[in-house]
Amino acid sequence: PTTAAQLPRPNPALWTTKDHRIYGAPSPDLILGPDDCIVHVRINGICGSDLHFWKAGEIGTCIVDEDYILGHEAAGEVFMAGSNVTHLKPGDPVAIEPGQPCEECHHCSIGEYNLCPDVAFSGAPPFHGSIRRYHVHRAKYLHKLPPTMTFTEGALLEPLSVVLHAFERSPLRLGSPALICGAGPIGLIALAAAKASGAFPLVITDVDASRLEFAKQFVPECETFLVPIQGLPVEHATAIQKLFLGLGSVEPSIVYECTGVQSSVHTAAFACRRGGEVMVIGVGRAVMDGLPFMHLSLAEIDLKFINRYHHSWPFAIRLMQSGYVNLKPLVTHRFKLEEAVGALETAADKTKTSVKIHIWDD
Amino acid sequence: PTTAAQLPRPNPALWTTKDHRIYGAPSPDLILGPDDCIVHVRINGICGSDLHFWKAGEIGTCIVDEDYILGHEAAGEVFMAGSNVTHLKPGDPVAIEPGQPCEECHHCSIGEYNLCPDVAFSGAPPFHGSIRRYHVHRAKYLHKLPPTMTFTEGALLEPLSVVLHAFERSPLRLGSPALICGAGPIGLIALAAAKASGAFPLVITDVDASRLEFAKQFVPECETFLVPIQGLPVEHATAIQKLFLGLGSVEPSIVYECTGVQSSVHTAAFACRRGGEVMVIGVGRAVMDGLPFMHLSLAEIDLKFINRYHHSWPFAIRLMQSGYVNLKPLVTHRFKLEEAVGALETAADKTKTSVKIHIWDD
Amino acid sequence: PTTAAQLPRPNPALWTTKDHRIYGAPSPDLILGPDDCIVHVRINGICGSDLHFWKAGEIGTCIVDEDYILGHEAAGEVFMAGSNVTHLKPGDPVAIEPGQPCEECHHCSIGEYNLCPDVAFSGAPPFHGSIRRYHVHRAKYLHKLPPTMTFTEGALLEPLSVVLHAFERSPLRLGSPALICGAGPIGLIALAAAKASGAFPLVITDVDASRLEFAKQFVPECETFLVPIQGLPVEHATAIQKLFLGLGSVEPSIVYECTGVQSSVHTAAFACRRGGEVMVIGVGRAVMDGLPFMHLSLAEIDLKFINRYHHSWPFAIRLMQSGYVNLKPLVTHRFKLEEAVGALETAADKTKTSVKIHIWDD
Amino acid sequence: PTTAAQLPRPNPALWTTKDHRIYGAPSPDLILGPDDCIVHVRINGICGSDLHFWKAGEIGTCIVDEDYILGHEAAGEVFMAGSNVTHLKPGDPVAIEPGQPCEECHHCSIGEYNLCPDVAFSGAPPFHGSIRRYHVHRAKYLHKLPPTMTFTEGALLEPLSVVLHAFERSPLRLGSPALICGAGPIGLIALAAAKASGAFPLVITDVDASRLEFAKQFVPECETFLVPIQGLPVEHATAIQKLFLGLGSVEPSIVYECTGVQSSVHTAAFACRRGGEVMVIGVGRAVMDGLPFMHLSLAEIDLKFINRYHHSWPFAIRLMQSGYVNLKPLVTHRFKLEEAVGALETAADKTKTSVKIHIWDD
């Protein structure tokens, strides 16, 4: 199958460049392999890493060398199914799991396909992402949505999957206190996931008061902690621990770090109960300084990390379907596909206080 | 401290005998040790094991040799505190954790104090239980209730602790399907706990349709499966698995068995997904026949068991406090302490369709 | 590739039938797929399941419906490699991992490929096994042997893999006591693995004194316990626990059951320390009676099961290569491929007191 | 019991001061409580932390404010037993577990008594240590030695316990590769423990070639890697990984960091396989810079830490008793109690290339 698939409508896409520009232009032709589907993408979410590829041109070892199409939080309808595809047919609503691993290496073989060194992650250079009308993807990584689920929810399964993977590696017991550092989309979803796990009390931090207000509306059971600009991590951590004690709880044994900011990781380390663990979801600079090594050692606090997810979509779908979490309020702004450039500009504009921006197409 | 504590009111109690009678009569005098408190018990829940000690005179190695006082699901107010007690004072609302372990043996030392061979479990012979006005107990095993919690909730912390211990040993991931076998108080609380853990879909079984109706009202998200009197466990299990598949889910990897009935354990084993586990909470006859050994072996399904709980009260209190679970609807009947005999008779009367019966005192 | 591979020599094989006969006859033609290799099998071990397929005609859901070739413990040299095969070439020494899973199902995807419902296990009907000169196999499931390893050792990797999988699911801590029930090849390898795990003291049981003598020579650090024909499992278990206590140890928290015999599983359950686990490696009758249910419940002893292995060969190879275990003494008898029928007859003859019988070819 | 115990001989001790001196002088009088024993200490090992308290005057929050007696790696004979002590009597050989926790706090209650904030650790200021003839200690933390074990071995149980605790938190599977960073006493014992766990291949690093020579003699199966003074951690790590690959292995999924040196922790992080973990046993400066944060995140490598041990002595005793490890070669120098100052000076003198120095008394 080396001839381009015939598409009924144009295929506009959102491109970025190595010199840090974004622009709208048609997608390259799509080649439908026998194990692939072409999806009419109905919703795309914008994530901090899209902005990062645009503005910084790289994340870790992924570098924008040539123009490519952004986007990896998507849901849509199957438009065309390859000849080997049996579990999907045109018209089926699906969420796109962006990573397409090699399925041959050791990590794939043991089921940790997120660690596959040869993953083709659509939306990370050089692999074209989903901010276009039609996107081609290996069918195995398209997850059929239940009839009750909207495309908006379908596109939120990607950040939910990040959080579910973190919670799989660092689960919360029923009735255990939980601390979440950072109230961006990931922190907010972690907050919802902590509640859905039966954790209580819940405390979420941010340096931005408006994010905390949003958090309080989003999960009213939570307490918020505004991280002061002044002061040391150990001081912030002490104040956070006091907040837990004042709520009749003990200190949190699990802390989800959702900023990737150095001082916040330090605060997480100091705020954690002895014998607990800090699950670092946030990513940031290549190197971290000032880690409170002796504190971690004496308190036997583990630092754990995640890189995306594996096998999370079915869990995310069932969780969303249950109604225990409602992530739709996270979508604060919506743009048409034709206005995708504006969507990214809004996401990048701190004065706009967006949480999650969605790009839609009919 | 070998003289009896002075009590302001009589101390009526509910006794049982080795010849399977129950009667009301005054409690023996209470001796307040320096590490103890005397609690004015405000609520006592009745549990199947109370009925079992009454009707069968023994559970496992605990045998009713002499008359003793029943009851182990209690909450009340501290009336008097021993001289060493610092974390409690008269008037404090507390829940009673009935097991008082030796604190010296290996199991106590490693924190598994539920496995302490020398535990003094109040309510299991020969240790007097809490169905009396005043009960003396080691203060360390009295858990202060938050001001917002009622005594009714406080007395429900005991069965909740059973379930939390089972969930600690066999936790549910967010968005994972869960099966609960048996819709008695333990199964119903397991159902609520499964929902509070973010599990979905939820299926609960019983042989009694009225219990399933109750379950559906109690946790509307659940699906119910009426176990037919006819048919084999493997057939019931196949039908249960179909129910999950019909809900768009896979089979449950965790099954909570909450009946202790042999055929239900077999059904649980067949209904579980390959590679999963059956958490057997239910207890029953000393010996089990007909275990599907080869099925468990080929499918690598583990059988896990629990014996009560350790360190569960703080978790149970926080979970109850969160409002994520509301166990109060389980209390279908209430009796005054003076009518405790009637309470037990009602609990034993299958036609009365009680779920949880509470005995109260002012 | 649908034409038969050209072989330089005849390809004699050992067949069994649904009416419980065995006979030597030529293998069917071999078809070499692009992902396969043809292996000149140099050593085949005989296992109890070979005898079981011969004598009983079935294990679980695997039924001998048509004549097929036995054998699944093999090592040899690559004779011919399919066109896609890159990690092997003719002449390479390899061990054969008999199970060839579907690589598509959920269990394969999460790395538990031993639970794949569509595994093609060579040596279990209807899939031809390796007791023939030339055997064709998916190259991915051929593991290259280090130059220092003999084919004899290579063929012992299969039962070692069984044990390693059990030890992965139920590992032993350094300095923890361990009990092994049954001193057949699996129990003996479990004994060696327990020693290699740093467990001490080690106790192994059998009903057959000669097997225990063998065990004592094989792993001199072990203590042996001859299970009397008389007496109850709980009595045998008490005697075993006393043996541990007499050695200055506590009771074993991990028991490896390697017989599949009902009374031995019961003994294992009673001999285990409170809070421990019984890893049931042995397989037996479809249904087990007399399980000490209340004992398991009160003592919180888990029953775990395994079905073969996944990803074990690299671990088995490194362990064998280390020299920490020496399994070669297990091979008590050797037969030429042409005498394979005699090999199986000897294995089935209890008076011959074989442990592991190897069939070799040059 | 507030009067001093009568001792038959003088009680010389090794003291250190806040101004970084050491001197020999009599121990203060010993008060034997009812739960204590007085031990005639026969062997004391010297550890880096003894030198650190002497030379630096503090470790973490433990500060040398007043003169106190050093030593925490000891074994000896019970000389006198308190009135409540039942498991020991005069003449019994015992190893001393130095930490005496509060037994009341949460961490003690759940069995993690190493994290007890109120532990009285003999040998850490202000609690007098065991480098004296007679030492008083809570009997519960004296572990009876089997008759076959020497006092030299008994005193080695303390560093072995450190390693066993690390291995409990980060165990090695049979046949898995293992990397140990640092070939001091802790790294060497970790090496022996890795071998005793069945790990292979084994690689140990150091910056000091003589330590690596020692390691190779101590555990001949190991490979050594001399960390060059030049070069970056990532480069050293790449070379270490190549060493594993060259041995036919994969990269190590578990790395034991036994130096506490910043660059070595970085090397450990880079040398670890994706999805693995670095168990940081080494302790060092309060704060660590240059942590390869993004590498840990992308590779999902966890950093785990330990603070000493809990419940390790029985395991250490059984392991030592088994003969699987022989730690006696670690003792390179021996001094009489009267020459304890010389022992410490030798330990501090890098030109003396000691590994473990023992102080003995008859």
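Per-chain numbering from 1; labels A, B, C and D assigned in written order.
Keep in mind that, in the parts below, a residue touches a chain if its C-beta (ideal position, glycine included) is under 8 Å from a C-beta of that chain, and two chains touch if they have at least 3 such contacts.
Nothing here was measured: the structure is a model prediction, and the numbers come from that model.
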Response to the item:
A student comparing A-B to B-D should find more C-beta pairs in contact for A-B
Worksheet entry | Centroid distance [mean C-alpha coordinates] between chain D and chain B, Å | 44
Item to complete: Report, in whole Å, the distance between the mean C-alpha point of chain A and the mean C-alpha point of chain B.
Response: 40
Worksheet, complete the sentence: Multi-chain contacts in chain C, i.e. residues touching at least two other chains, fall at 112, 250
Fill in: Graph class of chain-chain contacts, one of line, ring, star, complete, other
complete
Worksheet entry | chain A-touching residues of chain B, taken from the complex the two chains share | 146, 164, 167-168, 171, 173-177, 193, 195-198, 200-201, 221, 248-250, 314-325
Discussion item. Please output the residues of chain B touching chain C within their complex, sorted ascending.
Written reply: 60-61, 106-107, 112, 114-115, 117, 250, 265, 274-275, 280, 283-307
Practice prompt. Provide the residue numbers of chain C that touch chain A in the complex, in ascending order.
Written response: 103, 109-112, 311
